[in-house]
Structure formats: C-alpha cells, structure tokens
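Working notes, structure below.
So that you can tell them apart, the chains are marked A, B, C and D in the order they are listed, and the count of residues begins at 1 in each.
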C-alpha cells in the first residue's frame, strides 16, 4: 500500500485516475482506516487530500459557504459564523463520533462514505446543499440529495473527488435543526435521524421547508410530504402532527442490530417533530 | 489448617484513612506497564485464526502455505497439544476440566462458536502474521447450531458434545444432552407454602450475555528457552492459576514456568483463565524466539468469556400481611461452548436476602454455540436477582407495602437459615435497608414519567490460599511482597495500610509489590471479593510475626526478658517499668542493628483464609422514561453497602460506583447480538454499548460497616455486591415511572417503546 | 458422632440421602467416609465441595477438626469474579 | 515492504522513524518510539485509550496513519508532567482516586487537558460530554469528573 499527499487538486485527480480503482481517498480516515485495518478494504494507494489548500478552507461567498472536503468537523463546529447560519448542519456534524473522531473526520468524508446513517447528510439535504466535484473532465456540481446512490455508493466517477460542499445564502427568519436517536447519549450510530430546514415570513408563517430523514432507507431521504405539512402553517400542533405522520410514512427501513423497522418508523416521526420545533425557534430568533 | 484472626475493636490511625495509592504516579504518567507494554529482543508477533462458523466439524487444517510465507517462524494447531482426559483436575485449588480447556484454547474435532481458535502463527511482524492466517486452509463441515438456552434444552436440539449426559438427574439419562448439569436447592415444603399464600406472583425473565468489557484486551509475552524453562508476562487476575493451567496443557513442571503479572487493565472475572498464554509458550517453544500475543477488541468479544444469558422463572407466594410463605425459581443458564456457567452460585444467591421457610431453586447448566462463559463480578447473581427482586417489588406493590418495608419484613438476619446450608452469621443487610430508607434520595420528589426503584444484592465473599512476605530493610522501611493481584481496586494500598497500622509506622514506609510466581507460594485468583479479606489477613499475620521478632531482638540487645518488651507506635518500649527499664528503640534503630545482631528480620504468611463474611447492598435509582422513544435516563443513583470495614474508603466507593455503572450498562444497552447464522454481529465498542460518561449521573455511596468477626479489621470484601442490584432496581424504577414490568434485558429503547405501545394497545 | 447434612444439590449422588451421622475427626476423614459410601459423590467432593462446620464455611480445609457434636453441612465451593 | 520515513515532534523532542503505510500513529508511538503510555483499547476509535494531541487537536492515534504525522507536533501522556512536577490533572486524579486499573487514564488525562485548554471553567455536563469518547469500565466516571473539575478550579486559581 502506497501513500501520496499531493499539494494540488490536479495532482490528486491524476493519481486517482492513474490508479484505476485501486486508490482510496484519505481525508479524516476515521472510516477508511478501520476498513483497511480489518481487511475490508485493500487499496494499493492512499491519496491524502489534506495537503491541498483549497480543500482545507471554509470560504464565505455570495452569502453562502463553501466547505472544503478536508475541513475537519471540529474546524467547522468552531466556525462561529457558519454555526450561526446553519446550526442544523452543525447539529449533525457535532454527532459524528467523539471529540477525538471529530478532530479528524470531515463532512466530505461523512458524505462520501455514503452510510445511510451519516449524521451530516440529512441536514445537508434539508439545506439544499450542493456537492462540488472535480475530475479528469473538469468540475461539476450535484445536489447532495442525488449524490449518494445507496450504501457505500456515490455518483463519483473514476478519478473524480469531492472538492467542497456549498451552502446557499440564508433568507431571513430561517432556521434548521438535526436530531438523531441513539441508545446512548454519545458514541453511537444514528438509529434514526431527522433534519428540518425552514423559513418563516414576518407573520411567523412557514413559507419554505425541507425535511430529510436518515437511517430509515438505503440512503438519506428528502421528504416533500413532510415539508408540505409545515408550509403555510405557523408550525402549530396540527402541523407538527401531520409532519410526524408524513415522516413516518416515508420510512423504508430495515431491521438490524441497531433497531427494528417499527421502532425506526415511529421514532422518525418523533425526531422530525422535535427537530421542527427547534428549527422554528431558531428561525424566530434569526432576523 | 485454617487461619482465623478474630475481629479486634481498636483505635485506628491509618486503616479507614485515604492515603495516595502507590501505583498512582506510574499510572498517570504512562510509566505503568500493562500486558501489551512488555517487549523482548527478537520477539515474534503471534496471531490466532478463529472460526467463522458457530458450529462445524473440522475436516482438515492445512498450514503448509502459511509456514512457507517468509517471516513465519511457527504455526500451532490442535496437533501440538496433548489430549486431556474428560475429568476435573486441580489447578491450585481450582477444579477445571482440561478436556474443555484444551478444546477452548484450540479447537479439536469441532469448532463450537464464532471466534473459536483453530490455529496460531508466530511471525516477524504483525502484517506478516495476519497474511499467514489468510493462507491457512481449513475445510469445514458446517453443522446446525443452537445459541438460545431454551432451544438448546429441547430434545433434538443440535448437540455440542455427543458424549455429554446430564449430571444430577436420576436415573442417569440414556441420551446425550446440552444440559450439562441439573442442580436443585431447597428447604421446607414449597407446595404447602404456596397453599398458605394469599397472593402469588409468577414471572419469566430472559437476559442476554454481557461482556466484562475491560478496556485492556488480553495480552501476553512468552519466552521458552531450550533448557525447558519458560517465562510468561501476562495480564491476569491470578498468575499462579495461569501458571498451573499452562503447565498442565503444555505438560511442563509447574516450577519451570515463571509468570510475572503485568499491571492489569481491568478483569472483572474475565481474566481468571488462560486464552493465548499457552499458545504463546507453545509458539515460542517451536520458534525458539519470544512470542508476543495481543488480542484485538474483536477477538476479545468473539473469543473470551462473557457472562451467560439466561432464562429465569420466579414464583413467590405471600400472605396479606406481607410474610413470604414460599419461593421458587428455575434458572437456565447458557454455559457457552463448554459446561461451567455460574448457575450454582446464582442458585445460592437467588433468595438468600430473605428469611424463607419454603424454598426451591432448580438450576440448569446448558451448553450452546457461544464463547465459553467466564466469571463476571458476582457471577450469575445479578441474573437471578433481576428476576427475584422484580417479583419481590411487584408483590410489595400488590400488597400495598413500601418496597423497603416489605423487604425488611422478610429480611435475612444473623441466624437466618439459608436454603443452601449454613445459618448466616452477623450480617448488615437490615442496616443497608434502613440506611437506604433514611437517605434523602429515598424521599426526594419525582417528576412526570420519572420513577424510583430499589433492589438488594447478596454475595458470599471468599477467602482461599494466600501468601505474602514482609521484609524489614536496613533503614527501617519495609517491602511487602504480595501474591494476590491488585486488579485495580487498590489492594496494594490497603495491604500496606494494614501493615503500617500493625507496626505503628507511616503508610509511606511500606512498599507493596506483587511478586512473580517464583517469589512466593501459591495464591488463588483475585476473585470472589477475597483480596482485601484474605490477603489482608496474611499481611496482618506477617506484620505480627515481624513485631514478635523485633521484640525478641530488642530483648537480646537490651538484655531484658521478652515480656519486658512491648511494641507501640513503631517502637520497642518497656512493657512495665517495674519489670525492666530500658531506652526505647525505633524500628529504624533496630533495622540498622539487625544484620549485626542475628540477621535481617522478615515475616511470612502462607494461609488458606477461612471465615469470609457475606456482603449485602441496597440500591436506589431514579429513572425518566421518554414515552415517545422508549429511552431510559438514569437521573440519580445511590449505593448502600455493608463492607465490614472500609480499609481505604475512597477505593471502596470506587468499587461501589464502578459495579453500579456496570450494572446500569447491563440493564440498559449491553447485549451480545447474534445473527441467524450464529455469528456475533456487535464485536466492538461501537455497537456493544458500555455506558459513557454522559450516560451516567453521579453515583452516591453510603458505606455501612458491620464487622466480619473473622477478620482482625472486620473486612468482608466489596467488589462484587454492587453489580447485583442495578438491573432489578432499574426495572423496578421503570415500572414505577410508566407502569411497565420489563422482563427482557436489556431495557433498550426499541424494547421499552414496544412494551409501551403494546400496553397502550391493550388498554385500547 | 457428627451430624452431616448434604446440600440438596448433592442428592442425586447419594441416592437421595441428605442427612447422616459419621464418626469423623476432620474434613479429610469426612470426605473419605462419604466417598466410600457414595462413589458417585467422590468426584464432586474433589471437584469443589465446601463444608460448613457449625455454620462457619470452610473451603479447602481438609484438616479442619470436626468436633463429636458438630453439625456439618456440605455445600458447593464458591469462586467469583 | 517499502517503509516510509517520518520526522515529527513528540512531546517537544525531534523524532524520526520508519513505518509501513498501514501502520497507525499509535503503533509508531508504541512500537517504533517505545512510548507505551498511550494505550490501545479497541483500534477503532471507540474507547479513547489512545488519545493524543496532534497540532493542538485531540485525536485517536489508532485512527491516524503514522505517515500522516510527518512534520506534526504530537503530545502524549509522557509529556504531561514537567520534570518531577505532575500536571494538576495528574495530581488530582491520584488525590480523587479517579483511576483504578489505569488503562484508560492516559487517554482521559490527555482528553481532559485538551478540554481545559479550550474551556478553563467547564460544567459537569460539559466534562461528561467531552469525555464521552473515553471509556472507563472501573470507576463509573464519578471520581474522574470530580478530579477534572477540581483540577480546572486549581488551574483557574480560584
């Protein structure tokens, strides 16, 4: 197994393309190293992207943000401006493992690892985030919601890599939140995750909403029916009940060691509802 | 001959205080050396090949390709270990069936569980060793497996051992069975007792296996030299017992194996038996190089002993005025791949907290396709007590009694006849119940969806073989060489405290160390909460020997009769001015002259300590249940326990808090999860969920001290009692919070939520 | 003679006999006498029986004296974690 | 197998070592540099026993490749005391009996230190959540939390 740490994006892409599938990208490595150590992954080459400046930076641009793929969770959590605009995404990022793991892990890696239970993905989908992809044929962009195809599978082609994740400009009175359910308070994989992102008008009526669920299907879902339950309401009890019902109805979960189908379906509604309540509070506070 | 020093009430200067542990600085600076921290020049790395099947016949094992790999120096399989007879054999004073020990260490005709070792290699590096494992070709004939204890007991269930016939049933069965042993305890007439009862509560409980979860994986380093001598460094709860087991399976003289215990990174019963140790010595013998073997966390979960899962049935009858008339229990315990679950201790612990005229307990020790169980802190007791204390609580509620009141009404006291044999001596059970009732926690207000539960636990505590040496050095300081492992609790500190107390000197003048197997005679494991009791007894005897020799020496030096010399506050002083007057001598002064006045002074003890005092505890817990997710939060926890005497109260509190935390994990989220294929699905700390710091509240402790009459300081022991009550206490708290009686451990969110929904559906 | 009681867990090995009187002066003699009377019990005696002499439990104390009027109860040995 | 040459700073000392690409920083510290104070409890980042600080960040050394340490500054438990003087956290852990077997202690000390460097006055709950990545099976955490809060108090000087 070889190790390379290119200093440019082009260098990384060249290495990836040349390795025709034998290379793995190394960002935080908190998932990859475990796969390699256990023999579940046997790459011939590791391409460490942490030496590429563009991938290590958080840039505020056109009112939104561009988060480099190799920015660590702790760096993102400590970025106060970002946390102010996208607290729901930070909710998710805060749940990616222990402080130790977050010191290494990246949101880009969390996304590319393509786990149905990835904690940052539902919030990114709810936020309408876009993945900026670079490859031998140049750059392209894709909505996060379409990027993950299934467990461990993404739309990345040979030689392609995620350069950054882009968050749009925030409208006034907007708020988002992510909640997950785990048996322990920390150190667990989400059994269910729910993200709600919404915008209120001056009268406190919800004008725009996106709801996304994690760990209830082969990949994180965008649930328009759940969002529809909120739009046009003041997010009152009735709306929250419709939201919960729609969220539960959208689940297509499996039974596994972490939770049963029926548990996931029921708790998805609970988490969505609780996340919505937090998102609304945040939106009201946002001028 | 048994050794008994009776309890002496006296004023104490050091015992009962909180000096700093002698192993503290090494442990906070990273200098303390644990199993994996030992290395030798030229050492090889040893790795184990483990079965991917729950149950399969081994058709063939081909190691030729592995041996041919550059860097591989030795491979061992079943062929490298002698067949052992199917009979109990003594190791020290432990009785073990070595037919099973050899097979668990290295599979022979069959693999019996996912993770069962098949072969081991020694190579020049970890990566070469791993590559070599991949080259070993094993042909299996996969067999049907059984992991559920109830299924395994049914006739026609897949058999692990075709030659196993249930012991303890008459007439001798004609068909083999997974039930290795059936045992029955009882007294009185249970049927008549239930007739007298106004109310009868009967429940069935099921628990999953849980692992000791020590943070340090098993690790050892072995060096066998051509002259037939072997040295072993290993993380163990009993280096003498490990030596005996290795000598037996390797057919070596006991004296030719020298075992040095490393600092042990947690054991809790899981490091009472060998796993890799004999393999490492065998690989070293074959390769003529030192061999180091360190388990991965996955190996620890798949290959080392959890505590059993079980099926438990409990039935209790009671009169309207709250007197229990009859109690009955059936305990069906998973032994794992080989017999030897703690069902016997569990049977003896089940009802011993109560004064009962009519009792019957039936226990079954059942083999299933899981790792062979190992001891875990009060082995078996928490499982039986989960059932019994749940039913006791339900009974109290049915009859309208306060749960503590009900337990007091039926509590065992001094002189209570147990159903397994003797009457109980002086015990502190009632005192723990009364202290719990008086504790502010017991009367604190509760909010919605919150509930309070209590439960109680009993453990025998034990004595057993113990040795130590106490050597007076030329400057008056002392070296205390101990043979029982300090498994973490701080026994080195406690032993030094008792010696300092006896000699009337500062704690810091006594340097306690744990000697290797060549420095002392046989010591039993640090297990059964015996260390502070038994090793403490030995230390006191050794210290008193030293004092006696000091008095004799001073009598000679000062030319006075022996009876004229008294030992007080670290000095030899005139016993009585009328008999003889002389200038007192300090310990240091005597030590300085010792060499020139007859030689150095030392004390020894080689004892088999008898008269351990039983321990009792009462736990109070508050929980809050999230009705929408089924998640249970521990809000407040209080442990009340009779320890006889707390030599070092801070370390006793630590045992109570640690035991309770393990019990909380057991109750809420810990469990072995197996697939239909009999393969363990959660062999790691991510999905095997031990409590993390943010899961737990502060754990308050109340130490009760009812002296054990058979120990000079009244010590009973304290390590095991605190893990017994939590599961039941939490189940009772959940019942009080949301009106659900949970009988399936763990009380994990999916289980609790389903129970809540089913209850709601039942209400309509 | 000392009064000997066996824990009911041992009944299968003594044809149900749980109480008897024996002329024995210590635990070793007791085990010997019981082993001769009940061969099936022998392996269990060796494999981990403790005795309670007048309600005091002894483990591996073969030379522990048994007084003429003592009450002796055989129970299983106790290990632990 | 081609080995990578790495030079880094460990507890202020310049070090150099060779490692296989697959080797973790934990293995390099323990096996190449013989700094065995950092422990392996799981190898998957779930127990925190291998916690070290790399360029000011708390990480699990079992989840970082040794080759990635090139040019980095690494702090381990061996570097916490100054000569004979223990770090306040080390002293408080002994005084509060916050350690039993001691296998998790180096990782917890390093993690607690990185917390107090960021937040000199944490609440009990903040300490519990920061240390959630460090498993302890002996103590039930009670005395560990006490020791960290007491050390923080002393380091603040109030």
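Rule of thumb we're sticking to: contacts are C-beta pairs under 8 Å (C-beta built on N, C-alpha and C of every residue); 3 or more make two chains touch, one makes a residue touch a chain.
All of these numbers come straight from a predicted model, not from anything done at the bench.
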By C-alpha centroids, what is the most central chain here? B
Can you compute the centre-to-centre distance for chain B and chain D, using the mean CA position of each chain? Integer Å is fine. 29
Taking each chain's mean CA coordinate, chain B and chain C are separated, in whole Å, by 26
Using mean CA coordinates as chain centres, what's the gap between chain A and chain B in Å? 44
Among chain B residues, those touching two or more other chains are 212, 268, 685-686, 692, 694
For chain A, give me the residues that contact two or more of the other chains. 185-187
What kind of graph do the touching chains make: line, ring, star, complete, other? other
Given the complex, residues on chain A that touch chain B span 38-39, 181, 183-189, 191, 257-260, 262-263, 266-267, 270
Which residues of chain D touch chain B once you look at their complex with the stated criterion? 1, 20, 22, 27, 30, 34-44, 46-47, 49, 76-78, 80-81, 86, 90-91, 93-97, 99-106, 109, 125, 127-129, 131-145
Which of the residues in chain A end up touching chain D in this complex? 1-3, 26, 28-30, 33-34, 36-37, 46, 48, 50, 72, 74, 97-101, 103-104, 185-187
Touch list for chain B against partner chain C, complex: 1-2, 87-88, 90, 93-95, 167-170, 183-187, 212, 268-269, 272, 344-345, 347-348, 375-379, 420-425, 459-465, 525, 527-530, 608, 610-612, 710, 719-720
What residues on chain D touch chain A, complex-wise? 2, 4, 20-22, 24, 43-46, 48, 51, 54, 57-60, 62-65, 67-68, 111, 114, 129-130, 132-134
